[in-house]
Amino acid sequence: MPETRILKDVCKGCGLCCDNVCPENILVISADTINASGYHPAMVTDQSKCKGCGFCYMICPEPAIEVYK
Amino acid sequence: MTSEIIISGFGGQGVVSSGIILAHAGMFKGKQVTFFPSYGAEMRGGTANCSVVIATEKVASPIVASPDIVIIMNEPSLARFEPALRKNGYLFFNRTLIKSNPKRNDIQVLPIEANRLAEELGHGRVANMIMLGALAKKTDLVSLESLIKAQRYRFAKADEEQLSINDQALAKGYTLF
Amino acid sequence: MKMVFGRPAGLTEIRQRYCPGCGHGIVHRIIAELLVELDVRERAVGIAPVGCSVFADEYFNCDMIQVPHGRAPAAATGIKRVRPECFVFSYQGDGDLAAIGTAEIVHTAARNENITSIFINNAIYGMTGGQLAPTTLPGMRSTTSVKGRDIDKQGYPIKVCELLAGLDGPYYLERTAIHTPKEIVKTKKALKTAFQNQIKNKGFSLIEILSMCPTGWGVTPVESRQWIVDKMIPYYPLGVFRDRGKEAK
Amino acid sequence: MAERNLMYGNHAMVEGVIAAGCRFFAGYPITPQNEIPELMSIRMNEEGGVFLQTESEIAAINMLFGAAAAGRRAMTSSSSPGISLMQEGISYIAGADIPVLVVNVVRGGPGLGNIAPAQSDYFQATRGGGHGDYYTIVLAPNSVQEMFEFPKTGFELAEKYRNPVIILADGLLGQMMEPVEFKYQPLDPKNLPEPEWALSGCRGRDRRIIRSYDLRPGRLEEWNWRRHEKYQKVIADEQRHEESDCDGADLIIIAYGTCARIAEAAVKIARERKLRIGLFRPITLWPFPRRRIAELAGRTRNILVVEMNMGQMIEDVKLYTECRANIHFHGRPGGGVPTPVEIFANIEKILGGKK
Amino acid sequence: MKMVFGRPAGLTEIRQRYCPGCGHGIVHRIIAELLVELDVRERAVGIAPVGCSVFADEYFNCDMIQVPHGRAPAAATGIKRVRPECFVFSYQGDGDLAAIGTAEIVHTAARNENITSIFINNAIYGMTGGQLAPTTLPGMRSTTSVKGRDIDKQGYPIKVCELLAGLDGPYYLERTAIHTPKEIVKTKKALKTAFQNQIKNKGFSLIEILSMCPTGWGVTPVESRQWIVDKMIPYYPLGVFRDRGKEAK
Amino acid sequence: MAERNLMYGNHAMVEGVIAAGCRFFAGYPITPQNEIPELMSIRMNEEGGVFLQTESEIAAINMLFGAAAAGRRAMTSSSSPGISLMQEGISYIAGADIPVLVVNVVRGGPGLGNIAPAQSDYFQATRGGGHGDYYTIVLAPNSVQEMFEFPKTGFELAEKYRNPVIILADGLLGQMMEPVEFKYQPLDPKNLPEPEWALSGCRGRDRRIIRSYDLRPGRLEEWNWRRHEKYQKVIADEQRHEESDCDGADLIIIAYGTCARIAEAAVKIARERKLRIGLFRPITLWPFPRRRIAELAGRTRNILVVEMNMGQMIEDVKLYTECRANIHFHGRPGGGVPTPVEIFANIEKILGGKK
Amino acid sequence: MPETRILKDVCKGCGLCCDNVCPENILVISADTINASGYHPAMVTDQSKCKGCGFCYMICPEPAIEVYK
Amino acid sequence: MTSEIIISGFGGQGVVSSGIILAHAGMFKGKQVTFFPSYGAEMRGGTANCSVVIATEKVASPIVASPDIVIIMNEPSLARFEPALRKNGYLFFNRTLIKSNPKRNDIQVLPIEANRLAEELGHGRVANMIMLGALAKKTDLVSLESLIKAQRYRFAKADEEQLSINDQALAKGYTLF
């Protein structure tokens, strides 16, 4: 089962990956965490749903996302 | 008499506005003032800081090397500017976002729950006003009135609601000590 | 478990200084992947422009040079002519390529120089703080057109692919976008074609990429994706404007 | 006291240009002077003037050439790399004896360098970075107030001598805020005289030609000599400077622009220590205030030149002090900005060394 | 008996320094006639380039300015913006306009600046002694392409009208020739249209004129006429490339 | 004596460049140096090198930047207006510490000026006409033989110090013919070493970056100071000049390039008249041969500086003679060329005045 | 009857007007005259034939031709 | 010993070639030589002239102000260079094209029907060779042989017929005095 990892401190919280890019809509900006650079990073809500399609990775400018299978 | 101030924080924390408002307030009190901002290489984010000088006679250098007062809005800024502060100088810092504590004991340390208090007023972004209010109270550099006048001058185009929230935040900070 | 998607070896470990949601990062990642996939990274020389992507010289994991504003095509020509065995790509923004660098890109295209030109069209001068670009849309606001671009005084935007298509020289010209994974895949395909054209010594390829600049546009990163659809694509149609490979057939 | 407005140096420059009756700006963005074109785009619109964001600095300087040749006050502003690109154009404009105003908000160099304040374009500005024998009048402001006032002075000098004028500022003067007084009434462009050489169509008069070439044997040389006379006149009549406590000083600091501000702070420290330190600030970098400096050189033993570069103005100081004082140098290149403390330390070293 | 054809008042009395049979003289004469016929001479400001026609500032009987190589469109913009009441025309050669001046002509056209641009395409650098021009034909000899222009190394010629037609900005673009009285009449008609466009504030017009340079081509003046027919016109087709007046209808 | 070939200076320059193993030329036509690109287009073809006639001088200098950054000997040539357009590029190349060779066959200025020989780009070449603190090594040939030899010297200096080198010639040196001896075997480019900084693809080594910027606080300043050390080393080790009869002379003429040739003729006349006249010819204009000039200044009373301009090198002469001699000037701007007779008259006036 | 005058010293002898431009072919280069600038100027062979069409004037670069009626 | 020569005429009269050939001839005789051309502003036509210096020691200035010898091919050049000629200097002039006469009587005047003689040889353009031949005879500056060698070197790419006509023209000039 695929796994999506968000590199918390690389993420700039732009929200692109959370903006219906993920077919499963399992990515959101975590309002309450703030990273070293002062951004609210994205997080995966329900890892089990991940298809490993990599769309999130593709649209991430940093890239701050890794997908494992 | 010359007072040199440095205000430092993240890009989005209104560091530059605070500096300009402080300088304005000084000018409204008939003082000589200068303001000089300095940004990092990043287009957004990163840290920004600015130097404000408020004096009774003509200001020579607008760049502040060893400030009398520093307003610290985030963690990295504390590490950078605490050492530069003059002996017996004032260090106002944003306790909400800054976990570590100042190390020096030859300075006046003033922790302020700026972001928390701002949130209580319903607007995280006015944390900078809270700091300015506190500064007005603790030092006789500028008056609360001149700060209010200054912020209303600076944000002339903003709506009254915003302006009054700023006023409240300044007042809030002013009542802290 | 092994990584199926992740930071490509074509990128260094250095964190990018771009704003949140900036399109440069997406394009960097695609280029970095191709450098590896087409096995040209170790013989690549990249040219960084003056613009937000001036820092590209730190981000791409290959030999890089940063050159004067607008002159990347000239520097690329110099490098390619003395080292034809190298893979030479230039990376430029719209101010860099379509304003100050107009003469260099036109003549490099006219010479059909065997290089790959990557052109990031975000319709704004990002680095200097959002001034009017040659590609800024009619009526669009910028810090030097606060009431919106006034066609009568500030002229019409320049459509680079359409302009260069007026030359006999260039081998391949295409315009793509990166606001959705689907378009990103297409952009990668276009860049791959451009890379391969150079590898096959076909000559000059330019890929114009419509890219998000949330900061310059004064919108959120998320809004900037829609902006590309609503504002950019209608004025800058996507597609292939020159393909001498096809024409030949 | 007139009303004081807290302004950025770059914004004061814009208001100064408008107040000088200039209604033509052409320029290209570059840090640290972007606030100039940005505000200019708004103000020219309000004043019915012309604002052109050009395709390049080269286009800008040549648009200036055209607009000024047509008899209108015209200005551009840029920063170091952009000014380098204007060198051919400036040489043509100087060679055609046309008045224009060019502002250089200097940044760290060479090359792309950085966006910090610097003074490393002194040679380029005062020696003519372009080709051929020509000089541009160079004004060096050191306050936001002067950023406002010098455009007017600049246009007056440019027109008096039909010569390009450069205002040499730096990132600090452009980016800092200070109170400004609008000391004079803005000029109405309509009240500016029509130059008798301007291109406007030849109705009712002989046709006019503006050019910088003459291929007839010997003619270009004669023209150059006439321009040489003009330069001699500028040198004789237009040297400007500001000084404090220079007479009888043990050491005189010579610095312009931002460095003069910082040096002033250093001098304050020194005077608190009862040291007799003079401060000399050239306001015109070309013509260099050689007359007064020559006088002072005879009377003081030590001169400390402070510049934000590796040593450029120091050559003029040496040329005009004619070996009658010890010249010391305190420089910071590449966008480095000296601190008052560091300058003071240098003063102590020099005077200490004297004992 | 009265003179029906003779030196127009739009020309000064100064004898032209051009070589025998040079096309510049013919075009000068046409422009000079139009300055008078359209009654704009007394409010005209002409811009002379760097090139053989640098001397145009002596030949046209109106206010003139000579500007840096390639920058005539920029200077023209400056003049027209501050004196919209003036009639502003720029006169450039192919090296001046299509090489060093590429950025200026492209952006002046993109701005649809209300000026008239006269472009003398003689496929060579005349003044400097016959070097390769951006318009030099494939295989054509020049002092920097003694074996003929090598497309692979020296690139393809630039077709200025076709290039500028890739922009939305320009109002009128036409290419004509002057090797026969008939073509000369057509050229005058085209220039008249361009002049009138400016008078009517329509914006930017450029007339590209295929012109003889017997010296640069190494042929006799008489041969140079045939050269236009055999070599130039096949590569540079004559015609109107943009007429927003028509398109409007 | 080796075979002598009667050649144009511009053609000798081309053969010198080829003999120096350079196989990359990019340039744009301009009188009086057109013979360089013209012959170069043929010779590079024969030698399998690269000849690029560029769209402009700006493209040329940036192609050079690329080719030289890739580790190859690369050169361009132009004349005054074209060199002005290269100033930004030269500043970048100097700021990136890249060796290139730039030839300026100077013509009359400012502006379009004329095509006569001139020396009015001395300031631009020796002070850095571009922005920022940088210097280019400047060589001044005064014969067709040196037009042939200096490209090799130039590349060697450029590579030794990773710095741009300018050969400052003029229209006379370019257009005249003189016998030339090819004194050394042409270098085979294959035998030239690969610089350890060159861009060539990172296979088997760390990636390399060539740039002229550093936005990290303080870093650009450090970089500038390192370059400053380099410049000090060049000044210490690379001063070159030629002199005749300077010891014990009553008057020393200082002149370079064409003026040195003409001055030599004037000196001949003077010596026939039994006058003790020395002739000093700077070969490196930067670094200026300050050491020897300082020595001579102590021993001779009069120095006559002869230049084809309004007075540019004279500033260096004054700076380094440190007021220990009377400095006189004989100048002709705008393409004017002094005659031996006219210079001799000046000599007599000065020495006459002495009695 | 129209008359074509050639300004002998303005003419550069380029020959354009003599190269079947004149419908009547009455213009030729005079091999034996040489003008102040060292050129062989054009001349009219048979004035009577001139139609006054002005073609010769149009193609003359100088222009060194005047046509009268 | 130093001889300074100026050759002047119309653009098309082979003035530059004559100068180069003369310099070459000097070099072949082991002399030190310089050649410097100067053209007018016109692209074609107009007058051109060149300075040639032939000396036994190193040549200082390649520019000739007051020549020992002038070769004058057309009218305007006579007016310009006769006054500059040194006392007792040689003035060779093209009698065919020059109607007026030299005025000075402190110089050696040598009229030559260059164009007519050239036409007789069937090529007007070799008038310049006739002048050079005459110069070789009248002055011991260069030999006829060295001139022949020089013109054959200069026109190496030309066909033998042309070359021999040049030789004949040189010889012709050589036999005039």
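By written order: A, B, C, D, E, F, G and H. Residues from 1 in each chain.
We adopt the following convention: contacts are C-beta pairs under 8 Å (C-beta built on N, C-alpha and C of every residue); 3 or more make two chains touch, one makes a residue touch a chain.
All of these numbers come straight from a predicted model, not from anything done at the bench.
Peer 1: In how few steps can one go from chain C to chain H if every step must land on a touching chain?
Peer 2: 2
Peer 1: Taking contacts as defined above, which has more of them, B-D or C-F?
Peer 2: Top pair by contacting C-beta pairs is C-F.
Peer 1: Where the centre means the average of the CA atoms, what chain is farthest from chain C?
Peer 2: Relative to chain C, the chain whose C-alpha centre sits farthest away is H.
Peer 1: Would you mind pulling out the distance in Å between where the CA atoms of chain D average out and where those of chain E do?
Peer 2: 39
Peer 1: Between chain A and chain B, what is the gap in Å from one C-alpha centre to the other?
Peer 2: That gives a centre separation of 35 Å.
Peer 1: Cα centroid separation between chain D and chain G, in whole Å?
Peer 2: 59
Peer 1: Touching two or more other chains, which residues of chain D qualify?
Peer 2: Within chain D, the residues that touch at least two other chains are 55-56, 58, 81, 88, 92, 96, 111-112, 211-213, 215.
Peer 1: Hey, what residues on chain A touch two or more of the other chains?
Peer 2: Correct list: 12, 39.
Peer 1: Do you know which chain C residues sit against two or more other chains?
Peer 2: 18-20, 54, 66, 68, 99-100, 102-103, 106-107, 127, 134, 154
Peer 1: Given the complex with chain C, which residues does chain E contribute to the contact?
Peer 2: Within the complex, chain E touches chain C at residues 99-103, 106-107, 110-113, 134, 154-159, 162-169.
Peer 1: Contact residues on chain F for chain C in the complex?
Peer 2: 23-24, 26, 50, 52, 54-56, 58-60, 62-72, 74, 88-89, 92, 96, 199-204, 207-213
Peer 1: Spell out the residues on chain H that touch chain F in their complex, using ranges where they run on.
Peer 2: 20, 23-24, 27, 32-37, 59-63, 65
Peer 1: Of all residues in chain D, which touch chain B in the complex?
Peer 2: For chain D paired with chain B, touching residues are 4, 6, 172, 175-179, 261-262, 264-265, 268, 337, 339-341.
Peer 1: Which stretch or stretches of chain C touch chain F in the complex?
Peer 2: Residues 12, 41-45, 47-48, 54, 57-58, 61-68, 71, 74-79, 81-83, 85-87, 103-104, 106-107 of chain C touch chain F in their complex.
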